[in-house]
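Next come two complexes built around chain A: one with chain B, the other with chain C.
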Partner chain A sequence: MLPTLTEHGFLPVPPVVHVVALDELPGCFGAKPARRELWQSFLDFVEWLKANTPVSEIYLDGRFLSAADDVSHVEVGIELSVDLVKKCGLDVFKVPALEEFSVRVRYFAPFRPAKHNFHDEFQTPDPEIRLREAPPNLCKGYIHIRL
Partner chain B sequence: MSWAERTLNKARSVHSEIAELRTFLHGEGRDESNAGHLFDGHYSALHELYLERMPIAVALDQSDLVLQYHGTLVKHGFCPLSRMHRIFDNLRKELVHVTKTHPNLSAKSFRWKGDMDLDVTVANPKLMFGFRLPRPEESDDDARLLRGFSDPLYQAVKDSLELMGVVTASLQDERPRERIDDFARGRPEIDVALVDAALHAARRFIPLKEPKIESVEVGGRMVPDGHPLEMGKEEWSRATEALKETRIPEDTAEVRGSLMAVDYETMRFELRGIQDWQVRSVRCQYRPEHEEIVKTHGKKRVWAKGLAEFDRDHNPRYLIVDELKTLD
Partner chain C sequence: MPRPRTNPDKHRKNVALTIEPDLLMRCRALAAQKGRSLSQLVDQLLREWMQKVGASDSEIEHAISEFIDGHEKRMTTKETRKPAKAAKANR
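Our next item is the complex of A and B:
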């Protein structure tokens, strides 16, 4: 199970990356109808991924994982690999995920830039007025899911 | 590290990942022009960081007071000019009004000067507004540099903004007056009139009558505590109740002045251009039987008598009106 959110409304660190199974997650991110709808759309996207691609792991991030009220989509990161691209090509990812599943997909190369990579980005909170008194180097956790 | 720097670093990460993805595709012999869809999420993230998050980051870094309105109107990202003007004008009026009520500015020896006004740090159509104290050291104006932080006018603006932060935070409490009284203890400049004006202003910040706006979030360096301050109906009711708890003074005073700045809901007005006393204005609380005069004598001269709170120089600052007569 995921730990409860911190006083600032984020997944705690350490660990920066919370490795969890998909079936452990339902209900972790709010009971409001809009959040439940987003979660269901995300599950639909996962089903689509499983059915159409050999993607076996994804990262989950964004305001959906926080206590923020104004959440419009779920942030998903997918690391491509040479094998994956050989197996399914690139056209399969042309699905308009944001429009159809309310999921914003970020595709990443197999290797991380040494400095300023998506791990740095995902652990940095977005500026919000409610965070005005947060420590200047506040970090947050994000999720890794094996499908 | 500032919020703007952190947000820029997030954007740098997105740019780095875009470059890495591009290199990967080239290495795999893939035509990037056929893989534009792989970059859509990155560009969307950059759009959000630069256009939506960066203004908030700048506001957090630069503002002493930030107000972010929430509601369906804000989600569009556009706002009718008239609404924008009305909300901003209300904020400006209330902030200036509180400052003008400060004893340093109420005394006849000082006048409100435009160059001691608050600086606007943010005002955007997503209804986020930021204000900060003018920084004397940043001015090219030698006169302002000389006045500096100890100048009574500067101090009035600073005290007023700080009080606004405390009053706003107090509205999260069941009994706002307790926190306000704690803050005012040992600070003679935070008197009954200034607290009343600040409570009134905080109440007016809450957009209960604005369609499609539900609440306002208040932040900035002047707001104490680390908890988010979301102000809606509940806080509005607390401000209304707290206004009713203004201490009833024991002494009486008679004041002649021009009837200005009326608020019919909270039954307050200001007498300005005061005769017979060494103050510029007196904040007044009236009763329903005075309403006809209040409604028909705006900007006209009136005489008021009632229980009054006095400043250290024995001038009335706050008057609970018992009798009200017209002079013009």
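Our next item is the complex of A and C:
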């Protein structure tokens, strides 16, 4: 079960990574039709992942997980390990997820932790949110889902 | 006329192999039957084996690295284009 959002509208820390089952997620994080549509698109993306890849865990983040009003997509982090790529290759991940599922996918390779590490990015709020009197070193939580 | 220079990196290398005499004799005979040298035979077998076993872990890591860099570049380009599109639409 996810805790309620903090006063700044983010998932609280600790823990930084909230481990949640997909069916335990509170759905659309808001009742607005646009958020409901995004949630459905995200679920479609999860189904696509299950059907086409051996990906067994994903990370969920982005403005969708905050109290922000203007949300255009869901951010999903996927770790690309050598073992995973041996099973399905890389071409399958060329799916235009943003266009087809409104999902912005961030890939991360555990063997090169310093580059494009979504785990670091997912803990950091958007710069513009810091302007809303949030402390500059604010750390936020994100979600880990086992598919 | 001098022979055109070839890429030294692509020259075939000499390697010492140790093979059981009996197997070596049969392989040489079979290779000769097929009109191939023992080197060509070993070359072909090694290529087939490499294809079967697949890329090494470091090759896959390199491919993943290139894929992620390319993906991030494409996404950043898309995101920087978006405001321009929106501005155009607002005109």
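Simple rule for what comes next: the second predicted complex is superposed on the first by the 137 of 147 C-alpha atoms of A that agree within 3 Å, B and C clash if a C-alpha of one lies under 4 Å from a C-alpha of the other, contacts with A are read in each partner's own complex, and residues count from 1 in each chain.
Rule of thumb we're sticking to: a residue touches a chain if its C-beta (ideal position, glycine included) is under 8 Å from a C-beta of that chain, and two chains touch if they have at least 3 such contacts.
Every value quoted in this text rests on a predicted model; they were computed, and no experiment measured them.
In the superposition on chain A, A:134 makes contact with chain B only, while chain C stays out of contact range. By the touch criterion stated above, A:121 is placed in contact with chain B alone, chain C being left untouched.
Once chain A of one complex is fitted onto chain A of the other, the partner contacts of A:70 are limited to chain B, with no touch recorded for chain C.
Once chain A of one complex is fitted onto chain A of the other, the partner contacts of A:113 are limited to chain B, with no touch recorded for chain C.
In the superposed model, A:79 makes contact with neither chain B nor chain C.
Ranking chain B and chain C by residues of chain A touched puts B first.
Shared-chain residue A:44: touches no atom of chain B or chain C.
Shared contact residues of chain A, touching chain B in one structure and chain C in the other: 80, 82, 85, 90, 93, 98, 104-105, 107-109, 111-112, 115-116.
Across the complex, chain A meets chain C through its residues 80, 82, 85-86, 90, 93, 98, 104-105, 107-109, 111-112, 115-116.
Within the complex formed with chain A, the chain B residues making contact are 1-3, 6-7, 9-10, 12-17, 19-21, 23-24, 28, 30, 34-35, 37-42, 44-45, 53, 56-57, 59-60, 66, 68, 70, 75, 217-221, 223, 225-228. Residues 7, 69-70, 75, 80, 82, 85, 90-91, 93-94, 97-98, 104-113, 115-118, 120-121, 124, 126-134, 136-137 of chain A touch chain B in their complex. The touching residues of chain C, counted against chain A in their complex, run 54, 57, 60-61, 63-65, 67-69, 71-72, 75, 78.
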